[in-house]
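The structure's right below; bear with me while I get my questions together.
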Amino acid sequence: MIRFESDYAEGAHPRILEKLILTNEEQTPGYGVDIYCDRARQLIKNLCQKDDCDVHFLVGGTQTNLIVISSILRPYQGVISAISGHINTHETGAIEATGHKVLAVESEDGKITAAQVKAVCDQHHQDAGRVHKVQPGMVYISQPTEYGTLYSLEELTNLSRVCKEYHLPLFVDGARLGYGMVSQINDVWMSDLANLCDVFYIGGTKIGALFGEAVVISNDAYKQGFRYNIKQRGGLLAKGRLLGLQFETLFEDNLYFEMSLHAVKLSMQLRQAFTEKGFELLYDSYTNQQFPILPNDVLEKLSKKYSFTYWKAIDELHSAVRLCTSWATKEEYVEQLVADIKAL
Amino acid sequence: MIRFESDYAEGAHPRILEKLILTNEEQTPGYGVDIYCDRARQLIKNLCQKDDCDVHFLVGGTQTNLIVISSILRPYQGVISAISGHINTHETGAIEATGHKVLAVESEDGKITAAQVKAVCDQHHQDAGRVHKVQPGMVYISQPTEYGTLYSLEELTNLSRVCKEYHLPLFVDGARLGYGMVSQINDVWMSDLANLCDVFYIGGTKIGALFGEAVVISNDAYKQGFRYNIKQRGGLLAKGRLLGLQFETLFEDNLYFEMSLHAVKLSMQLRQAFTEKGFELLYDSYTNQQFPILPNDVLEKLSKKYSFTYWKAIDELHSAVRLCTSWATKEEYVEQLVADIKAL
Amino acid sequence: MIRFESDYAEGAHPRILEKLILTNEEQTPGYGVDIYCDRARQLIKNLCQKDDCDVHFLVGGTQTNLIVISSILRPYQGVISAISGHINTHETGAIEATGHKVLAVESEDGKITAAQVKAVCDQHHQDAGRVHKVQPGMVYISQPTEYGTLYSLEELTNLSRVCKEYHLPLFVDGARLGYGMVSQINDVWMSDLANLCDVFYIGGTKIGALFGEAVVISNDAYKQGFRYNIKQRGGLLAKGRLLGLQFETLFEDNLYFEMSLHAVKLSMQLRQAFTEKGFELLYDSYTNQQFPILPNDVLEKLSKKYSFTYWKAIDELHSAVRLCTSWATKEEYVEQLVADIKAL
Amino acid sequence: MIRFESDYAEGAHPRILEKLILTNEEQTPGYGVDIYCDRARQLIKNLCQKDDCDVHFLVGGTQTNLIVISSILRPYQGVISAISGHINTHETGAIEATGHKVLAVESEDGKITAAQVKAVCDQHHQDAGRVHKVQPGMVYISQPTEYGTLYSLEELTNLSRVCKEYHLPLFVDGARLGYGMVSQINDVWMSDLANLCDVFYIGGTKIGALFGEAVVISNDAYKQGFRYNIKQRGGLLAKGRLLGLQFETLFEDNLYFEMSLHAVKLSMQLRQAFTEKGFELLYDSYTNQQFPILPNDVLEKLSKKYSFTYWKAIDELHSAVRLCTSWATKEEYVEQLVADIKAL
């Protein structure tokens, strides 16, 4: 079985394992105050072209989302998210478990617009009975989105402007950030995120690390006490250096972007193969995820050799599936699948 | 600087890194349903001599404590713990953040007794105004305790009996379980824990793993929905196999106990050195932690070469410190320190 | 200004105030264990034709909803509700503040169907990745709904059957229960609720009491510890007898239903006036709330003399408003408004 | 049975009932924005000699404590309280249910000192591992305390100074505030509380109201969004005017203080009777609660005619009990009890 079902099916990039071995016997203080974390933090600040941000390392995405969001909101506030946002669909109510409602707004492509955010806020603040409603307290978006789509710099700038206008912190979930940054249609760089958002994170788990997400806090207002929050939610890794040395490896030689590029190139080959064969795509993704709509008999046939994520039924005869490529996807696997698509 | 401040200063046992490398390119499904997790689960069930328990793998201790405890208690219940229990002192209110009070009971040696648990319950249930009080809902203990002490089989059996009598689940935090099991004074084995407790966990982070804790749920009543809880609290590792293959390595050849024994032997050498030199020990530990009471000038002198955890001031001239040995502690480091103690 | 904006604009039925005065100097124990609460409990059990239910008295509706729901759900579970349900729209995230997601399902008329509940559950339980989703844990409906509509006995029976099939407790918010029971189209009685639901409540605040909601727990599984939950959430009234004597007054002579009937008769007069004048109704309500769609200039004109709740814009020229009648609505007020509608 | 067990055994002062009757048919907007609430707010601001404070009306004490505290603390912070504080002992973990630990400090007399608060803060902030601990985030005290004792103006001023120094908001639970203010040893007035505290509340439930507590927020930092918090926790009374008109009645003619004085005079008669008879008092109370230590046979004898709150066993032969007087306590009841004590 060749797995295209996720971008976390393998271990880590060999250079990360090498670094683990090389440093294994060193003694360091725990909880992320070691030299590897320090170095990784500086590399990330450099990438952001911003030295006055705080960088924290966490283990996974749901953990990161719940810690960031609960650290920012007042008790009566909720977080605006696309209805398809990871926090609204795939985190078992992790945000609600910290006491906050996800204020889901409609989205066809996984993105939300500045106008939508403005509308939610206006509706709330113009409502005479607003104390009976959850107050919008921040905005959560994913870059790339759960559908593989990307915010353009213009869209992100507009969102950021509306957020500032309504005093809403903007938080970007970058679980697959690298796969977005190397996309041929991307024009949002790390420094843009650092400038336009209050908090964002750079995903490691899905891009070459064993695990790990790097949270970047640009806005001073949300820096205070963040490590307490990490500890309280069970996110403070004892051997914190494991996170530091992974992110050091990812960013000291552009490995993060090289791996991302590898995945996205292969994803574009899959995209081309599906469209050339006449299959429609559910979402218009130029990143590492593709969502072809396949006849069910085709799907059944391909599923004997390849694993996908079943996405949803389109009609009685067709289904959409998700295929992920990753830093670890072998070119020959993609070639095989492309050939099998052509041969259908 | 030679570090005795914690038992998580180094990476992992080389065999774990080897296994990581060996399996790195394999594709597995995520979230702990892979073959490595399955094998590790079976090894642990074998150790417990109990096949009908559930085994889950989590990343860290605070995470484990908050997930287990919040998965068991009803909203109005609290957890009985020694005042020195990790959940009461070193987890930034992680339990309270899930909505539950820690019902702390006095303890000199880090342990609580069956009689204390009985007293708390009797006091509650005999109180006419008990609905105004937090209802005792479960019991949390650590084996070994935060002070390095150990429950004997008799003590644990008594606790277990009282817990059953009052319908209180008993949960054992085994963050350092191996270091307890190999102690010369220990008579509590894995199968005893599986029989006498409702839930316990086997710590990996402090005993040779990069990270990881294995939760064993013996009581059927607490099995249902546990994976939902893990996910909701941000504890479901995407590359779950990393946990499985670590615990497989720890338990397939008794590596876990070999490493534990190494640490405890070295700890006993330190104990002997301190006592022979006439220093008192704050707690009577036969596990991998020692708590000597040192004159402040001695402490200052030793601190130039060795790092300890400052524990507390005893009087104006003396302080207690904590020294941990671990699976990774080098014998020559202990020899050096022993020599330096003798030479004082 | 004549107020039709809510059904809680006045104080309480005079007989309730009389009882307050009559009993004012009596000394009773606190917290709801007095003789008045006992009598009121028995009256409600009699109405339910069910002696083995528990009856608790709470102060308000949001308080009741959050206490009941958080007392039932496991941490990873959510509550299914119509998208228009009070808990989803008008309680400032009270349910989320206790840690639980509201699983909102579409609804045009304020009701949800057995088929919808079944669909949510089937979708969840057939999902291989369900531990990443909030598990449906109970069902919340309102009788009458927030739109003034009513579940028929057949609809409620179907809902109840599906709930039992999926082990989902069914909870009915009866904040306006009396106004539903006396409706000409109603066929659901108190004993039906006691039989078909696990928990429901009988609203007092909106039907003649100063304040107060009576929670009826039919299912033994949810009785245990309920008073602890009330206390913990700040809902245990010190002078609990105030609740008991109000509900005793409401139910000892059918006052509750008399008052409800008064309100609904007046509401039907308003309904008739609007429809005869050719105005459409947004929802088809036979209870104490009417939702006419009015031209904005008509609305402006009427608003000089009467207060309504603005509901929503229908188009640029029309808006829907809500009018409530209550136990306290004066007949001459309704006559005036009817005349003013006719004269438009 | 003559009840001395609590100060909430009766209804309300007759003038409050009169006002209820007088206003019963008036229509007002809901949720505390009516004319009665406005007037009551102004009366309280006048008493505080401070016009720029916010005044909110809530139903009960536990509700008030949990709303105020959860509205102020960041997630990782706890609230410092005397170990005997109501929030630590008699609220079923209401504070923990909002996610926060109560940081209990020792107290013999129900009070905590500025030095204790300073010590807790210093210990925390000097701790290198402080992110593993709950951060002290505010201070909770009761005036009078649960033991009937009072903070002097000097003690309160010192506490306030330390709180300001450590940026800790100071919150005063005044459930029995009136009974403290009229005490012969009191030198803390309403304006002192408004100046020295960030938030305090004036209890109505125990002093002549049917129910109700008036929260005064002096510090601008804690004003924002407070009504949202009230609603979210189920504390926003639909017929909010019931609270307004009660507090208007309490404060428009000094009724609050007259009633308090009545209770405290009677309490001092009881105090004198017990001490003259040679019984010791567990706490030195000059307010409306007395805590005599009685031989068990005396207690048994008195208990046939009078109800007390059993407080605790002192030794095998003696117990302490609590007696409360209130605004409603009849003089002849106290005379009878005094006579019975003398006759022992």
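When the chains are written out, they are named A, B, C and D in that same order, and each has its own residue count from 1.
Quick note on the criterion: a residue touches a chain if its C-beta (ideal position, glycine included) is under 8 Å from a C-beta of that chain, and two chains touch if they have at least 3 such contacts.
Chains and their UniProt names: A, B, C, D = Low specificity L-threonine aldolase.
Note that this is a predicted model, so its numbers are computed, not measured.
Separation of chain B from chain D in touch steps, taking the shortest path, is 1.
For the pairs A-B and B-C, the count of C-beta pairs in contact is higher at A-B. When each chain is reduced to the average of its Cα atoms, C sits farthest from chain B. Computed centre separation for the pair chain A/chain C is 42 angstrom, with centres defined by C-alpha atoms.
Remark: chain A and chain B have CA centroids separated by 34 Å (rounded to whole angstrom).
With centres set at the average Cα position, the gap from chain B to chain C is 49 Å.
Residues of chain C in contact with two or more other chains: 75-76, 91-93, 97-99, 131-132, 135, 228, 231-232, 236.
Residues 75-76, 78, 89-93, 96-102, 128-129, 131-135, 310 of chain D touch chain B in their complex. If you check the complex, the residues on chain A that touch chain D are 31, 70-71, 74-77, 98-99, 131-132, 135, 225, 227-232, 236.
By the touch criterion stated above, chain C contacts chain D in their complex at residues 1-3, 5-6, 8-12, 14, 17, 20-21, 23-30, 59-67, 91-94, 97, 205-206, 210-211, 228, 231-239, 242, 328.
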